[in-house]
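Please go over the structures that come below.
In the two complexes that follow, chain A is the common piece, with chain B as its partner first and chain C second.
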Partner chain A sequence: MLFIQLVVDSLVLGSIYALMAIGFTMIFGILHIINLAHGELFVLGAFTAFFLVGAGVNFILALLIAMLVVAILGLIMERGVYRFIKKEAVLNTMLASIGLSLFLQNVYILIFGPQTQQIYGSTETINLLGIIITWQRLILVIIAVTVVILLNLLVKRTWFGKALRATALDPQVAQLMGIDTGRIRAVTFALGSALAAAAGALLVSIIPVSATSGFIPATKAFIITIFGGIGSITGAIVGALLLALAENLAAGYIASSYTNMIAYAFLVLVLLIRPDGIFGRRSF
Partner chain B sequence: MNRSAELKRGLILGLVTLVVLMMVPFMVADEYLLTVLNMIGIYVILASSLNLIVGYTGQLSFAHIAFFGIGAYTSGLLGTKLGISFWLGLPAAGAVAAIVGFVVGLIALRFGSHIFVLVTLSLGEIIRLVFYNWVELTGGPDGLFGISRPENISLLGITWDFSTPAGIYRLIMIFAVISVIIIWLIVRSSVGRALIAIRENETFAEFCGINVWFYKNLSFTIGALFAGIAGSVYAHFFGYIAPSSFNTMEAIYLVLMPFFGGIGTIAGPIIGTFLLISLPEFLRVLADYRMTIMGLLLVLIILIMPQGIVGAIQSLYIRLKAGRSSRAEISAGSIRVNRGG
Partner chain C sequence: MLRVFALVSLVMLLISGCGGQITGSADSQGEKVVKVGVLEPLTGAIAETGNWVANGVKLAIENINNSGGITINGEKYKIKPIIYDTATKINEAMNGINKLVSQDKVKFVLGTMLTDQTAAIMQVAEPNKVLVISSVSAGDKLTKQGWKYFFRAAPYNNMSIDTAIDVCTRMNKKKIAMLVSNDAWGKSYVSLFPPAMEKAGIEVVGIEYYELHQADYSTTLNKIKSLNPELVILGARTDNAVAIFQQAMQIMPDIPLYEQGGAIPEKVLEALGPEKANHLFFASRNGPEGEEVAKFKEQYKKKFGEEPFSFSYSGYDSVYILAAALEKAGTIEDTDKVREAMLSLKYKGLIGDYSFQPNGEVNLRGAIAYIEDGKVIRQWADQPLPEWLK
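For the complex of A and B:
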């Protein structure tokens, strides 16, 4: 029974990881940016949702506003910083993202203070054949799945999605076909940021988030991205669920202080067996 | 300038620096200032050895802080649990760090570029989590207390007392200067040339008959050895170590040091370390804002001078020397580079 309970918990954590990782992998796949400040986008999403809900705004509306606010921050980051760094200099971009991460983290501390915040919703639970899950967590999974489905429709069915996939495949040819790749890059960054915000808003409704709690989720998004294959949305979802499962099993059967260790060991093992990740490269 | 003259000049410069550093305690009595200088000394060993891996071999490793931790814990544990002297703990720390570094290198160096970054970050974090979780041995999150200062030694009739601020300061400076000189000697040897060849073009280096696998692992292991030694000195200077000194944030801060000053140069990591440790101390007046300023500064440095401070000075010097006519050529060239992609 413990096992099934852990699997259900993994589904909740995994759907948050998936939202984080999809944003990360899209930005990595299309802009070639390893955005270690992704976690700070996530934290801003969490804080925006927290304060809006505190002000009496409906949670879904708060989530959407948080996504919009963070998308704007992402746009500023891309237009203001990343655009000016040469695309080939992956490591320089990464160092710049560390600088941004440090900067934003401390700005958050100045604005919001160092304390943790959490949205306390109903603790009403439902019992499905002995598996206990709160309504809140169930709704969380439903929201995450909805966001992923909408994103999939956007990428697969719209003109924008086509342009996005073309840019990922070959930016120069895409440009020759009349696609404004600069704009596609900016919009992709904003979209990825909005997904991070959604993850943050959902997480803050189940566990406390502080100004500095963005870094570990960002490294995990990085791990999942490499695991699932750079630019692969399916890979990110599968990777996120597996990572959450591995962590929860470790916490359930060994000790919770081992969860992060499991995440890192998981990555190294997978890479030793499949250096390109489970879904290869850029399979949008 | 021929090579032997260069060697002589380098060694003299090292010796003069050492003598000047030895004089500092006569002029500075402030213990706080000496502590800041000690931190700079220890981190110069770390940043310079990391530069061997990052700057000369072209592999951005985030595991370096973990080797520093291995050194600190090895020598700290030998001292506190078995009562072994610092002078034996120091080589042991270097050896254990080098062995662990070799194993980490074996795993991580199979991967290139960003995957290497992530694998070193992960392995480094796994090592830290071992310190954190192995409570019976390491004291877990509380850390390890009561590590003694290095035992006094008598040399040429003079007794060195390392319990005084000036004594430990001089010891750390000797370690720092010697480490930098050794790294400089490695870099200018045939090993160094092989490393630079690998950094510039791995495939071509292999084509030229350089054993890429061997030299990458060698540079990684030597780097870890120095980090272990720095760790041992750190543990016996502070007398207390905890896993939080070796976490990812610290790993990042360490990587920034050579980048700040300019990677692939000897002076770069030293300048970077000096600035990144002393700036936050000077910015202490601004207390709450100092990390915000550091973050912003980092972004600006990467935007304005991606080659670091030393690189920026070098290119400025080349521009001034090249004069007006070729300046147009250089800027035309840079425009072409920027537009690629």
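For the complex of A and C:
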């Protein structure tokens, strides 16, 4: 009984991790940027949604606006900071992102204060054969799945998606084919940021988020990306679900303090056994 | 262009990366001042409660300074606060106390609200004879270390045991579980409650810990639910409690949570709404609120723009207790004399009537709170419990 409940809860958590990880892996895979400030994008998405819903805006609309706002922040980050960093030395991007992360965290504390916020929605629950899930969480999974499906359509069926995959495969040849790789990169970063914002907006509807909440989701996104293979969206989804499952089972059968340890254990395991990640295509 | 941008970013990084030192009002008119260090978590997992305490401290210092300051041997001294943020991290607390002791050379520190951090800073304060008053830390170990320079001016964990057993017995709850924070405060409950409970014939079916930064409690709560307790003894500050109560209402609405004094009932009421929160009961840090508290609330609301709670009363009280001890001792340098003064001090504060035992422990009257018809009602623990509590 507990086991099934934990699995169901993992679906919820996993969907949010998936959104975070897909955004991160896209940015890492296509732009070669390790954006540890990904968590701060997530937090801004959460706060934007929180304030919009507080002002009476419908949740879905708030989610979309949050995604837009953070996409713009992402664009600014990419054009304003990362563009100037030589991305062949991936470590540089990581260092820059740590700086950005610290900076943004403290800006958030200044603007939003250090306390946590949460959208207090309806707490209606569904009871299916003893498994309890709130409507809120169920809707969350549905929205997350929808976003992923839409993203998939974008990547597989549109011109932009083709250009994206071309840039990911080989940027120089893509340029020769007439693709404006600079623009593709900027839009990809914005897209990845929007996904992080979606994760944040969805999460703040079920649990509290504060200015400094970004670090842990960002780290997990990083771990899932390595686990699933850099640049692999499928890998990100599978990795996210597996990580959420492992964390919940550990928390359920051992103790909550083990959740972060499990995440890092995952990372170590993957690096030992399959350094390219499960679905990895490129190695660094 | 790039260089300018890089330079600006670097400077901003340095500024934001520096530990959070927020000094109080600078005093540069040759007035006599007594420096008082203040260490509280102003950011991080327990920032909300930490700021409540710090705000109470700031208001008290402002009031004292505005009425001339404290009088030591006929001279007037203003209080100069030196406030450092512990960011809910022990290493930051250590940075803070080290700065206060070696750099700022303070002899008196107010804080911290977290038992872990208070225990940590005493490692530096005690050998340096720096007097520390914590108005919130409730873990029992703080008065069992033989420290001379530590005073706990706060309701503490041992105080709520008897009431908890009383409540469980009246409600005929024979199987309970405990959900506490994975820190010294939570662990203090785990060392105190089970033996007392078992003696009273109440079985403790499980003990679960949560992390301070944890926001999703569904797994922990589901695990507790699977143990089938009849009641859950909860130790959680408002920062965690609100989410725990909410998620518990969803996952195990039939199992009551009895919070032991870390959470503010008004905030739980706000989050759950009067219907769901009705007849929830808590151990309370303060008893029924009288005129003094009402006056304080007015002042606090004017200064900070929000309603204050017991944690702010505690912060406020701690300053006045220190001030009273300083005046009684007639010195701001000799902490041994101030310590003596503390031991013979009786102070009537917003939380209650304080006096201290030789080990630094406080004598305070315990209280409980419950929510009825959308209002939070407080009473002393030794008064008869409400009728519906069964």
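Throughout what follows, the second predicted complex is superposed on the first by the 281 of 284 C-alpha atoms of A that agree within 3 Å, B and C clash if a C-alpha of one lies under 4 Å from a C-alpha of the other, contacts with A are read in each partner's own complex, and residues count from 1 in each chain.
To be clear about the criterion, contacts are C-beta pairs under 8 Å (C-beta built on N, C-alpha and C of every residue); 3 or more make two chains touch, one makes a residue touch a chain.
If you're wondering where the values come from, they're calculated on a predicted model, not measured in any experiment.
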item	value
Partner chain(s) touched by A:S257 [first = chain B, second = chain C, both, neither]	both
Partner chain(s) touched by A:F84 [first = chain B, second = chain C, both, neither]	both
Partner chain(s) touched by A:S205 [first = chain B, second = chain C, both, neither]	neither
Touched partner set for A:N35, first chain B, second chain C, both or neither	neither
Partner chain(s) touched by A:Q115 [first = chain B, second = chain C, both, neither]	second
Touched partner set for A:T25, first chain B, second chain C, both or neither	neither
First, second, both or neither for A:N106, with chain B first and chain C second	both
First (chain B), second (chain C), both or neither touched by A:P171	first
Overlapping contact positions on chain A, where the chain C interface meets the chain B interface	81, 84, 99, 102-103, 105-107, 109, 255, 257
Residues on chain A engaged by chain C in the complex (per definition of touch)	1-2, 5-6, 9, 13, 80-81, 84, 99, 102-103, 105-107, 109, 114-116, 118, 120, 123, 125, 132, 134, 206-213, 216, 248, 251-253, 255-257, 259
For the chain B and chain A complex, residues of the former touching the latter	60, 107, 110-111, 113-115, 117-119, 121-123, 125-126, 129-130, 132-133, 248-249, 252, 255-256, 259, 288-289, 291-292, 294-299, 301-303, 306, 337-338, 340-341
Touching residues on chain C, where the partner in the complex is chain A	2, 5, 9, 12-13, 16-17, 42-45, 47-48, 51, 182, 208-211, 213-216, 218-220, 222-223, 226, 239, 242-243, 246, 249-251, 271, 276
Chain B-touching residues of chain A, taken from the complex the two chains share	34, 81, 84-92, 94-96, 98-107, 109-110, 171, 215, 219, 222-223, 226, 255, 257-258, 260-261, 264-265, 267-268, 271-272, 275
